[in-house]
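Here subunit A shows up in two complexes: once beside subunit B, once beside subunit C.
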Partner chain A sequence: MSTSLSNTSTVRAGRWVYGASVALLCAWVLVPIYLLLVNTLSSPAAVSGFPKSFVPEFDTGSLEFFASFGGMINALLNSIYVAAITMVLSILIGAPAGYALSRFEFKGKELFRLLILLTRAFPLPLLALPLTVMFIQVGLDDTILGLALVHTTLAIPFAVLITFSLFSGIPVELEEASWTLGCTRLTGFRYVVLPLILPGITASAIFAFVISWNEVFAAAVLTIENRTLTAFLLQNLDTSPLHLKFAGGFILVVPALVFIFAVRKYLFAMWGIANR
Partner chain B sequence: MNSNRLPYLLILPVTLFLCLFFLYPFIQVAGQAFTNDQGFTFANFERVFSDWKFPISLKNTLLLAAAVVPVQLALALLMATMVNRMKKGRDIVLYIWTIPLGISDLAAGIIWLAIFEQSGFLNSMMHSLGMIERPTSLLSYKSMGMVFLAIALAEIWRATAIMLVILVAGIGLIPKEYYEAAEVFGASPWKRFTRITLPLLRPSLQTALVLRVILAFEIFAVVAALGGTLFPVLMGETYSYQFDLLDSGSAAAIALVILGISIAFTLVILRALRVPKGAQI
Partner chain C sequence: MAEILIKNVAKKFETYQALSDINLTISDREFMVLLGASGCGKTTLLRIIAGLETATSGEVWIGGKRIDHLPPKDRGIAMVFQNYAVFPHMTVFENIGFGLRMQKQPESVVQERVKRTASLMHIEQLLDRYSGELSGGQRQRVAVARALAMEPDVILMDEPLSNLDALLRLEMRAELKGVLAESETTAIYVTHDQVEAMSLADRISVMNRGEIVQAATPMEVYRNPAAEFVAGFIGNPPMNFVVADRSENNQWRVAGEYYPGPKSDADQIHFAIRPEDVVIADAGLDARVRLVEPLGAHLHVTCDVGGRMFRAVLDSGLEVKAGDHLKLQPQLDRIRWFDKNTTKALEV
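Take a look at the complex of A and B:
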């Protein structure tokens, strides 16, 4: 700071480099997505043509082909169902545990946290292999519910840790005050904690949805007739024409863009606490 | 309700769920790997290890992880420190940089396919610059280097965001006073980074690295989209044993190999970046 006068030009150059690298890194993320968009909004002929234009021709041919491709709409719906069930299950099962971790000291708490953290040190999609056998035994094979259960396993550690951090952010005094005013633990939770926590719960539910929506391996192993979109695209990679792949890829990306935007405020709070 | 029992009641669903869908399947996968019709056996492992594709897919998986993870770590650290000193536009820049967090590996593979395929944007660009006459196939067995590069780029593009988020959250936990004190004593930005940020960021670095390395060994869909069968990796072999060859014993054996590598690397990272007790913030 004391040498700022003689260094003005270096500082200015530094700031320029800094701004340029921020812009460059933004482009590094955005340009590939833009190129996929160009492909999606071009006619099938243009997609496999050469050389390619870097501006979309706004033709819906590829998307129409995608929509009319046999089984694709079904796969899309399956993806949505599985992700929706995963979302509901992981919050219903995970949130109570998050509450317990934030409000109570109890024997075995460390062991429980270890179990949760342990799940992250394992390649979870591999679970799908033994589960195929188990699911056949109980009649859950090739069902939306069966796959949703596996995806819930992927999402639950996050749900527990995120709700734990959210509940920890709400002073326990608020709850205690409600008890002195005649609330039970349950009604106090319902009228005081729940309204405060709801946006955060929504964010972690959306996160669970994205985890399921994006999952490829377990989906491809566990479903045959009832394929999800990721499994369907993966299965047809060798045979499907380029414009089908690109349109499918684009449909996969769109919810991700929206959802990450919706949860962006919570992203860092989630990971901040998930560190310990 | 008795508040001694309440916490146990609240964690019961998760515990049951994880026992049924996490612990039990892992016991099962181990069982499957070591048994066949006759009972206990190493035959599954022998079959897997003697397959000519196994050493290649092991090498490919490890090489990719070795190429991708360090670049991601450096990039994520750079981005996190850049964001940290940002005043205007922090939110929008962070949003853009974390977009790939929501993008599936399959979609990421398809995105980079749009760039690298024969009639793709890379060829188109080289053509318009006059570097090539006609489009050449970039992703073929004749150009394995290019296949590797495309897969590595797609992985770096997709999965740097998760490290970024963890590191940004971690940097946020470092008390600002340390930096102010360092500045008073005239420490350069680089010194502040190596003497304050890096050591205090160790817990976050640990998490980020463990998570990333494990995900790197699970690489599957990106490779399937870009390399197809040209570039075998462990997870892809697991899939083809299970699905194309209907040999779940061998699939389980490879799964255990992936699991073993993941655990070994997790332990190494935890050990290397150990945070001494009392040095935590």
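Take a look at the complex of A and C:
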């Protein structure tokens, strides 16, 4: 009797701890985002006033200010261009590497995988200065392409790891079957592998887009005239009033959040492989 | 005409010799089964014929044409994979028609052949389904139909039934045999299941450690195994071996009895007999019964003969129990002899 009683209470306590942890983690992520939202949609007076309201006023003044702010639209477009180039380049370079890792055995394969991860070990500030000097020498400084190249190197490790896990999820027999049915390696890829992997490739591309979209350091160092949205806001928000800081933050966070949410399934798959 | 000629084919993976000097001729329309335990090289050989693996050395000819340098699509083969490999993003119809469309056949031919092979494999009602909506057996049928629709010279099958449950396997086995006999293609079928091999094959190639030990008709392989490995691998329970000591005039002493055997200089050779080829008699091999398994149709009796395990399949009406002493008389024309050292069969 007593064992079953203590069992139930243990189970109950366990459930309680589990529920509390989940709630805590959710709050950890959601509360700042919610506060950001509330303050973005509040009038300047409410943002700097006290006590705080936890219900947004739906005052779009701050957002309207940004829409008409000089250079803002230009920076937004720059961000989109850079992110788009990063997206295309990182898939064009990353996906073949992912395919090779999943399908072929070659010398130094493990080392290659390690090196891919190691590219993330160098802090960007360490690389930014020499890069800037190099970019000035070759004329890539303050260009969209130059920044996109840097962002591509940041995004490639993820592109390789995600596509590696995607390709590994497709049985090699499917490809072999296509070869015995009249396909070459290329047409087999085109008709069998590509249709199966396309959703994942899209997700991986969006992830690369988000990496570029969110990147601020390289953008701030490498561009002066052609600032991306992050660099532009960093530069201008520093001296802006509080309510504009909130609105600027909100503008940056929301697209990234939406994209990440859209591709979450594939990102989890990537971590599954990376953890092995 | 699609005779297959395999000449001196060898395959080495890094340091591991998967196949060593394989020579095999498979005649047109023959059903050849490659039989062996896992790791014996049978699948590697099949994949070399298909072009999915390259041989380290040797030649492969199909229909008088050397093909070992060609990609799979130009070899006139079709293959059925162990895990079916049905394309998940295509309907059954598109799967079966995939090869034909790759060959750029006119749409009327595609329609006609897909429908014909689908009805041959009894899946015409599934043509609009996707592979995720099919059972294992249905997927297997799609895989076979997809290969047959190509009307290949040679159809290669890699353990196609091993993922099916026992009952379905029996059903598909019989069906495959009928369909392939009608299709008039040469077939190579890889399996580790000796019953499947016996029931399907025109000829069986028994493989062991990267070599073909014997290639012969099922009955020949069963009755006259070329080596102890074949004798022990085929048949359930497998052949019995007892040590035989040399005596006068090519007579050999086996567990207290004398039998006429081969000429040999060896002092000891192996006497071999199938479990069903012995009967209880007044004289014969001295046997002490260890275990009796009544299986309904037969009685499986495990005994001790000459210090070795010896299995006999006896009439189920007999009353035998553990501890009994029996005299087991072998049917004289069924006795086989093997060299103790080379394990090869000895001619009488």
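In this section, the second predicted complex is superposed on the first by the 255 of 276 C-alpha atoms of A that agree within 3 Å, B and C clash if a C-alpha of one lies under 4 Å from a C-alpha of the other, contacts with A are read in each partner's own complex, and residues count from 1 in each chain.
Just so it is clear, contacts are C-beta pairs under 8 Å (C-beta built on N, C-alpha and C of every residue); 3 or more make two chains touch, one makes a residue touch a chain.
Just so we're clear, the structure is a prediction, and the values are computed from it rather than from any experiment.
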item: First, second, both or neither for A:Ile91, with subunit B first and subunit C second; value: neither
item: Subunit A residues touched by each partner, larger count belonging to subunit B or subunit C; value: B
item: Subunit B versus subunit C as contact partner of A:Ile144, first or second or both or neither; value: neither
item: Subunit B versus subunit C as contact partner of A:Leu76, first or second or both or neither; value: neither
item: Which of subunit B and subunit C A:Ala100 touches, first, second, both or neither; value: first
item: Which superposed partner A:Thr230 touches (first subunit B, second subunit C, both, neither); value: first
item: Touching partner for A:Pro171 - first (subunit B), second (subunit C), both, neither; value: second
item: Which superposed partner A:Pro195 touches (first subunit B, second subunit C, both, neither); value: second
item: Residue numbers on subunit C that touch subunit A, as the complex places them; value: 50-52, 71-73, 77-79, 81-83, 85, 87-89, 98-99, 102-103, 146, 150, 156
item: Complex interface listing, subunit B residues touching subunit A; value: 1, 3-4, 6-8, 10-11, 13-15, 17-18, 21-22, 24-26, 28-29, 31-32, 78-79, 82, 86, 91, 93-107, 110-115, 117-121, 123-124, 127-128, 135, 157, 165-166, 168-170, 172-173, 183, 203-204, 207, 210-211, 214, 217-218, 220-221, 224-225, 228, 235, 238-239, 242-243, 248, 251-252, 255, 258-259, 262-263, 266
item: Subunit B contact footprint on subunit A (complex, rising order); value: 1, 18, 21-22, 25-26, 28-30, 32-33, 35-36, 39, 47-52, 54, 92-94, 96-97, 99-101, 103-104, 106, 108-109, 112, 115-116, 119-127, 129-134, 149-150, 152-153, 156, 160, 185, 210, 213-217, 220-221, 230, 233-234, 237-238, 242, 245-246, 248-249, 252-253, 255-257, 259-261, 264, 267-269, 271-272, 274-276
item: List of subunit A residues in touch with subunit C within their complex; value: 171, 173-174, 176-184, 187, 191-192, 195-196
